[in-house]
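Shared between the two complexes below is subunit A, which has subunit B as its partner in the first and subunit C in the second.
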Partner chain A sequence: MMRGYFWIIVITLLIAATPLLTSSNTFFNFTVVVLIIALAAQGWNLLGGIGGQTSFGHAMFFGIGAYTASMLQTHLGVNAWIALIAAIAAGSLAGLIVGFLSFRAGLRGSYFALVTLAFAELLRVLANASEWTGGASGLLLKLEPSLANMQFSSRPTFMLLALAFVFISLVITQHIVNSRFGAHLVAVRENEDAAKALGVDVLTVKLKAISLSGAMTAAAGVLYVQYFLYIDAAIAFGIWISIEALLAPMVGGRGRVLGPLIGAFTLHGLGEITKSFAGRVPGIDLMVFAVVLIIVIAFASAGILGLLKKLSDRFAAKGGA
Partner chain B sequence: MKVYETAFHRRTILKGGAAAALATIAAPAVVRGAEPAPIKVGILQPVTGALAQDGEYGRLGAEMAIADINAAGGIKSLGGAKLEMVFGDARSTPEAGTQEVERMQEEGVVAIVGGFASPICLAGSQAAARYDLPYIVDVGVTDQIITRGLKNTFRFAPGFSLCTGAAIQNLVKINESAGKAAKTVALVHEDGLFGSGLAKLMATELPKHGFEILELIAVPTPSRDLSNVVLKLRSLRPDLIIPSTYYGETVLLARTMQQQRVRPKGVYSVLNGAASNHRFVKEFPEAAGNIMDCNHWFDPRNEKALAVQKRVEATGKPFNYNTPLNYSCIGLLADAIERAGAADRVKIIEALGTSTFSDHLMPYGPTKFENGQNMGAAPVSTQVQDGAIKVVFPEDFANAKPKFPANG
Partner chain C sequence: MLQVKNVTMRFGGLLAISDASLDVRQGSITGLIGPNGAGKTTLFAVIAGFLRPTQGQIALFDKDITGEEPHRRAASGIARTFQIVQPFAGLNVQENITVGAYLRHTKPADAVEKAREVARQVGLEKDLDKSASSLTVAGRKRLELARALATEPKILLLDEVLAGLNPSEIRDIIPVIRSIRDSGVTILMIEHVMQAVMNLCEHVYVLAQGKMIAEGTPAAVCNDQAVIEAYLGKGSAERLARQSQGENHA
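After this line comes the complex of A and B, so read on.
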């Protein structure tokens, strides 16, 4: 049981120690983006990986988080940290609403995926047309680095903030995996009818999962806007973040606590390293991205962590024999 | 002071063995010889992703300008130091743009030019502001770029307010010189903020100049079929159609109008991207015929611009506005470095702020920055005539007379 937490702490400490080893802002900037994606992906992983409810529209939570935080700050002058809490609550509420509408209607599998995609697209169109969201020209947060504004002039500080969020999300997920609720979630994933027959309240379990999931991904949206200080409809509700949130756990290890973080680092890290080696060939990192994806899907359908587990099991079996 | 700090940063990274991969990102040490050290200039353009085509045109302009400046002896006040391009692919997203700005900063560029799309320009200039790194926006039109109070950010081209103001003025003058041929107007706009904002502005401004607005028609982006919109236009019979839509929809609208034989006296678009794009003119010459646009364009009476155009077209590439704009932005930067007399960021920012650069390819006159916006910048009205894009207004820069009314 403690083993899960052990690796979470080790990996967090490793990332937290990087400012001691390097002062490269390119590295910190890269890590911030990866951590934001990992946080959004952890939200997806909770619902889609552990709970088996594959969403194709996690952009809606990301966007709701980002827009709530920035609208509260720009229109109402709310403090950034209070806006953060409000945004997380909004993401959670959105999860409940979407979950209630779709799970009560019994939508599963690709139908649920399509509904989430539709919600994200709907919000994108609304955000693009509404005055409140700044329409197509988006919303801009004023650049005023201070702790109260959750803006930091040093990149490592922001990286540590993002890391803290990722750490909390990892601990929550690990806690859920270890808990009775986690067992219910897995039961629902494996066989919903059987779970129901065993007395699991399927709807409540799913609703809990999607609201937590929405909250985590919304927090990622807030981090994004606090870091880049600008969002528009295509960034906040665009398909790109839905895909990022889904790919990272797929590559890292779907349903595994560390899957999203490992996946996000692998996908983007390999791309970035290739870019530095392959010089100025445009798009080379995207090709690496694609190749990693193909390899993982073809040879390691349980993701990198799944592959490692399989290899270590095989090794243990041979050693034992 | 900042420059030394940067160099220090880079060396620490090189020492940091743990960051082996990152060390390769940082540039190799500057080779010092008899020649003065080259001055690194960051060129940020989206050359992959949705905006790849525009990014390539922009990169081409910057590359040509750097080559030309170096061929002419480099920066003379620095002993003929050559400009060296450090290219960054913004991948059509603000995140990737920011990442490239960070990399360029570590490679020790003295300034960054480009961005193309507004979100990339917003994010990139902000990242550069952390290091007092001058950032020259090439296209990004949103007014927010220059209203943030960032001292490092300069926009050479006109922004949204300058463009729309000029567009209305030009239209009124073109119409007046044609004996007020157009009286009724239909506005076709995309339903996002860009299109609807522009349409709303037109709908309040144009009646002041004697136009009657018949209808505002909203179309979604993307649209696959505009037959109904064109049927409506047919029954409305406006003298003038003003589309404020993106490339795809404008092309579709023009083609559908051609098919259904809807021939208004004029089609006048603003910052549209279609009517001043060689691709549209080349692929659908008949549909594009006589369409007017108010947009960025080079000065067709400028000998230097024509020479650059000839060189670009000799390689089989179209000469869209991104190329001369980026060519001019590099010229603007080189002029500032020349006057600053040092590859020092703060001095370059100062020199840009007081710039009166006029050796560019655009129909602008000397540069004059106010809060980072070049107030001398203005768009021009173009028209597709005989398969070519001509400047028809203002007369000082025109290489053709407006064909208006276009049909009869």
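After this line comes the complex of A and C, so read on.
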């Protein structure tokens, strides 16, 4: 069963080899951020891309992950790795709760998107007000680089850690795509009634998907806080990460395993390049995002990977003729 | 094996099915006919679990399944096709059928194997890699059939699988339906194409305005006064009888 795993391994090895070629901290900073976003976006992709349940509030899982990890460490002195596991569990549980409430009520499409947005906003307001979450001033993790604290003074090391997370998420997603659960998930995306008639338990399939999705995006939140050592409500539950999480798969290829990673690299790569040309124009990278999104929607609705597949099919058809 | 007992389905003030009963014998091909709007598809939806009846019961092998969800019924052996075909449009033919096959096969390789086998059975083996949305009407009907068959049902509910097909396509698919029955699957079919009903069904039920007005062999049902009136209007049975009498005299 090599189906799909080949490219995952190749791309992971390519990124893992970059510390041999460069020692630029700017590059590692950039790559860490992209990998964190790719991980959050992979969570979105599982539910929204493969399962067709478009979420507009994945910030809730990102924030739950980030806050769970930092609160456990700062308030209770829990080990960072154990906090990571707790955060992933919390993200998964949050997914189950939100999924149960909205899917059992039969919410789909834009209604589901709005409910997820509402949950994220609700949590943002709560995190901003609660003492536990440090209120508006946020939470600071103590700087103590060590493996036990999941903090590394060397940026390439942290990049490799983030890459390991992304690699695991890619393998999990590929495994799902090849499996019965993946087929059921796609069936639910394509046509719920037909899926039901074929014996697919639609509610259970959606709940499984959103809980896995929440877990992945929560892990991204943990990585974020372990890297920047700071979190506040606007970062953790802000709309920016909800948008990043859905933009990357859209650009890279919605529902495709490598879509989020390719999309995140493309978007942020273009953003950085423009920034280096345009210098100090604020928000220029966001304008690039907008342009890329418009181009993708207008000319390549299946994303970059979809476009590549179409071109390769056309090429193969010509070669065969 | 399948019994519908006194089912009534009411949508607000609209009485779609009123006190309808039917009984499908194991190993048979049973027909369900009736004018447009009679409630045939609604009855199918009730049998497959997509609608909960206002009153009455559905029993499969003498077990009451009225409260079961559609996916549970599929697992107990009821498969349905949709009158308006519902392909997974973004998937290819093989992937479409495989979703059905996953009901009884957990391993991907087994499910794909089953899907290919079913595709051969219904004559889709050449189209396995085609996108479902690129199929012709006849192809999509076959795909509906294949997907339902892939769940390895005990009873197959066919909702107008022949509608929209041309005469030669109908000729092609009739033996397929018969071979499905011969492989041990009981069939209950809604059909308007009388040629097919006469050809295939052993027993026919007639639903008109939500009521079961007749049942019997296809030939008997076609000569039933109530049935003729349901299709052609009040008094038409008498008129037809008079006409044919006139012809006999001439």
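Rule of thumb we're sticking to: the second predicted complex is superposed on the first by the 311 of 321 C-alpha atoms of A that agree within 3 Å, B and C clash if a C-alpha of one lies under 4 Å from a C-alpha of the other, contacts with A are read in each partner's own complex, and residues count from 1 in each chain.
In the analysis below, a residue touches a chain if its C-beta (ideal position, glycine included) is under 8 Å from a C-beta of that chain, and two chains touch if they have at least 3 such contacts.
Since we're looking at a predicted model, the values are computed, not measured.
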item	value
Touched partner set for A:232, first subunit B, second subunit C, both or neither	first
Contacts of A:22 with subunit B and subunit C, given as first, second, both or neither	first
Touched partner set for A:142, first subunit B, second subunit C, both or neither	first
Touching partner for A:273 - first (subunit B), second (subunit C), both, neither	first
Partner chain(s) touched by A:153 [first = subunit B, second = subunit C, both, neither]	first
Partner chain(s) touched by A:77 [first = subunit B, second = subunit C, both, neither]	neither
Touched partner set for A:195, first subunit B, second subunit C, both or neither	second
List of subunit C residues in touch with subunit A within their complex	48, 50, 69-71, 74-75, 79-80, 82, 86-91, 95, 98-100, 102-103, 106-108, 111, 147-148, 150-151
Subunit C partner contacts - residues on subunit A that touch it in the complex	178-180, 183-184, 186-187, 189-191, 193-202
Touching residues on subunit A, where the partner in the complex is subunit B	21-27, 29-30, 33, 125, 128-129, 131, 134-138, 140, 142-143, 153, 228-230, 232-233, 235, 240, 272-273, 275-277, 280, 282-283, 286
Complex contact set, residues of subunit B against subunit A	9, 12-13, 16, 18-19, 21-22, 24-26, 47-48, 87, 89, 91, 93-95, 98-99, 102-103, 105-106, 118-119, 122-123, 126-127, 129-130, 142, 144, 148, 150, 191-194, 196-197, 220
